[in-house]
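Order of writing sets the labels: A, B and C. Residues in every chain begin at 1.
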Amino acid sequence: MTDTDHTPVLHPASPPLDWTYATSREASDLVSVQDRYGLFIDGDFHRPASKRYLTSINPATEEPLAEVAEAGPRDVERAVTSARKAFPMWSRLPAAERAKYLFRIARMVQERSRELAVLETLDGGKPIKESRDVDLPLVAAHFFYHAGWADKLEYAFPGLKPEPLGVAGQVIPWNFPLLMLAWKVAPALATGNTVVLKPAETTPLTALHFAQITAEAGLPPGVFNVVTGAGATGAALVSSGVDKIAFTGSTEVGKEIRRRLAGTGKRLSLELGGKGAHIVFADAPLDQAIEGTINGIFFNQGHVCCAGSRLLVQESIAEVFLDKLRSRLEILRVGDPLDKNTDVGAINSASQLERIEALVETGRQEGAEIFQPSCALPERGYWFRPTVFTGVSQSHRIAQEEIFGPVLSVLTFRTPDEAVEKANNTPYGLAAGVWTTKGSRILWMADRLRSGVVWANTYNKFDPASPFGGYKESGFGREGGRHGLLAYLKAEGM
Amino acid sequence: MPVPAVANLLPERPSRSAVQAYVGGVPSVDEVAVIERVASLSTRSIKKDSKMAALELAVRMCDLTTLEGKDTPGKVRQLSAKGIRPDPADPSVPSVAAICVYPNMVPVARAALGNSGVKVASVATYFPSGQAPLDIKLDETRRVVELGADEVDMVIDRGAFLAGHYLEVYEEIRAVKEACAPAHLKVILETGELGTLDDVRKASMLAMAAGADFIKTSTGKINPAATLPVTLVMLEAIRDYRRLSGVQVGMKPAGGIKTAKDSIRYLVVLNETLGRDWMSPDWFRFGASSLLNDILMQIRWLKTGRYQSPDYFTKD
Amino acid sequence: MSDRLDVRKTYKLFIGGEFPRSESGRSYPALDVDGAVVARVAQASRKDVRDAVRAARAAQEGWAGRTGYNRGQILYRVAEMLEDRAAGFVEQLKIGGSSRRQAEVEVEQSIDRIVWYAGWCDKFAQVLGNLNPVAGPFFNISTPEPTGVVAIIAPEKPALLGVVSRLAPVLVPGNTAVLVTSSSLPLPAATFAEALATSDVPGGVINILTGAAAELTPWLAGHMDVDAIDLTGSDPSLVEAAELAAADNVKRVVRFDAADSQSPYQIAAFTETKTVWHPKGL
């Protein structure tokens, strides 16, 4: 077209745009993964005495990422001894100096956040959007927050002069590998303890890279040690000469640890499973309650101990609410965790996928109605579609047992009393959610819900300043906040 | 989701209490959650062909706007030419949706746009304040349509709304809708004056029940103008309105949308709230002026792989 | 040694994140311990006080609106900047008569004190605030909120640690500050302002005025838009008049026992306790 400005460029009316997002992959070469990792003991990496290694795979592709050492009993003993030797120096350091080590580590984690987020996604399957925007910022925040407590313990507990316990053995799960490390390690070190950490079998890599960061930060050798391995390694650590065990994981294993430690005098804190009740009243801000419900059960593929896995919706709005919920499920993006636009990533392991599939099959057989969106799933890797069961009764297994996957069970209620009764009718008591515009009702419900955490008009909110932990079989002890420090301290009068 | 046959949510001449009850029944909005949802949608990474598709759609959705006391026929002619052919160096860039002007400039725009397919949109109802007697506002509405406007952008009476006089607000919109036929009606809520997202949602539902073809955020004359949270709330209201009445209503954020990146964020929010049915200029517009050149620069960058300079794009 | 001429620094006021000269045009010589002139510094006037208070007020809402975590990170970065400039501060303190060792200790303590207070930002509310168990179906909580704009008269000595000790607890809960430096040893505080300007501290949160405390204190004490004044470092002869003037807007007057100590109760002195009730019921 050679004419000037006034030649009309006619475009015939075109149909609405069917807009699909192109893949937008975060660069996985941001992080360099070694072929093989040793155990981190005494400030350096060592070959395991056991001579055995496990392979960590990427659950989105089933491809191997790296070999990590499988610590045997002698390796665990070596790590505990190293932590024991480092304890007198570490606990006697002026607290302000301990604080500065932790501030340094917090800053280094911040600086390398992107690379650690990529590694977390590769190793565990969670979407990069979450590891980048939720996990890593919280990791840095936990170290920053707890660094500030190190030299202020005299103000934390009126009337007490707290002292550290000694060596803490810490066993953490695979759902938030680096964040669970931060929840355990930051308060333990800040309060003057030394640590031997056992990361989960399927997600050891970020803990090992974190160990490298502590070495770069100049953390004295032996203060922080990592023994990778599976269940046997964890059991060896529980039975070793530590002064305290902190465990986050399944209720079943938590009970086993409690039995093992009976009569030993060792301190124990447990953060176990949950079957969170997510309660939506008719006067809730509905569209935001939908987002909250989605976040409550599909965030991190539902691999969340405090997941809102039971939706209790007030019967008068159930139909509208479920209608909106189903529409919302249809636009959830399930797929490559490294794609920045993915909402729901891979299931962490083959065994977890089997467990989820079995329980969902049970749900079908129990007569609940199942809804799943029609999204395509990748061929390789471990995947499960976001799932909603309606017509669920309190006595169904899918209403009682923790599925630990992207599966929501929906029940209805008529009155607040009924909601409270159903919500509390479980051996668990970790978290609950309440959606209503009425402030007084939020507080009335919060008073009556037997849950360690109550989220009102929000869900899955975490902060190092906010204590987290459960009632009943969801465990005991709190992590975060002033209250969370107690797990790592002793004092006369406590 | 099945769409019901068209249903009126309010009767032909509703009583004051019917309108009060209708507005009172609109669900409340949690602001913190809205801001979080918007933040999450803003992390969508739109690349390559999906980015180009979005940018071209965004151009086609622009209502190129000039609403200044100092507007002259020359200015409006230049803007119209720009709207027809935004990038002289690249004829494949489509025309915009409309040129938006003050009533006095409607004939100029009409003549300049000819049968290019670009529409003439005019503000009316004593824009931007709306503070004039109703009969004057209705006269103005009828005049701009006579002068050639295809679309009329009206303002609601914010004073009446904030005073809780919902019946008055409703009746005024209805009257303007009747007066502007056959032009289509956009109703400006002036969300920056409404104070809460609850009120934004209420005003949206009220305007739609009164017959708005489009609901629009702002006049662009005060701050804040359009924002993503306000837009999300309005889109959710539109979604509910369709569910309840079967009627599809369009949406237009206006003012404060300066960059191509912003416009893509708005399209993401639109796409994931209302979906494909709304992804066209028939149902979504951007009220903007400087936005267009930033989009053109981004299109040129995608086509050439070079970061661009504003010198190569016309300022009209 | 070369014949190279060094470029001497001009010391200016720090107001609103920028470095203006005094509007009065005045400056005065800073002397070393032998009375020799080391540099000239700006001599602030009442109009500079006026401008500083305005800047502090404008910045206060934003500073208080940040999370404690964010304020803590910014204060930690101030410490990072100080650490980087430690050698320079040591030289300035030596000029004022400290030995090298004394100066080094003072600089280290100053940095560590900022780190200490940085760590309070996201936890002081957990120690100073609490739930109140009232006798009724009500949720009742008391929280510490920042007082607002705080005027600080820094002590004559120690020239760096005195500034840090008075300033940090004010900033922790979200107050903004106008600080009058030591008049005999103004250089460390003036250089401290330069470190602040590179620390992500928003403009106006901290304003630093070099000059004569005797001249400036009455203007701050009587200013109707200043919420509190810290007279801990003030010359005792100025206190009574300041307290009299402070009465006009019920300004909070604070005097701690020691100018260079640290405690969360120094944070508390610059907070107001807000108590909120909410019914619990269906």
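Basically, a residue touches a chain if its C-beta (ideal position, glycine included) is under 8 Å from a C-beta of that chain, and two chains touch if they have at least 3 such contacts.
Every value quoted in this text rests on a predicted model; they were computed, and no experiment measured them.
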item	value
Chain centroid nearest the full-protein CA centroid	A
Most widely separated chain from chain C, with each centre as the mean of CA atoms	B
Whole-Å gap between the CA centroids of chain A and chain B	42
Centre distance in Å when chain A and chain C are each reduced to the mean of their C-alpha atoms	40
Rounded Å distance, chain B centre to chain C centre (Cα mean)	49
Contact set on chain B toward chain A in their complex	1, 27-30, 32-34, 36-37, 43-51, 53-54, 57, 60, 81-82, 84-85, 88, 91, 94-95, 114-117, 236, 243, 267, 271-272, 275-280, 282-283
Residue ranges of chain A in contact with chain B within the complex	1, 5-11, 13-24, 129, 133, 283-288, 291-292, 323, 327, 331, 340-341, 437, 457-458
Touching residues (chain side chain A, partner chain C) in the complex	96, 99-100, 103, 107, 141, 144-145, 147-152, 155-156, 416, 439-441, 443-444, 447, 464-465, 481-482
Residue ranges of chain C touching chain A (in the complex, touch as defined)	68-69, 72-73, 76, 112, 115-116, 118-123, 126-127, 139, 264, 278-282
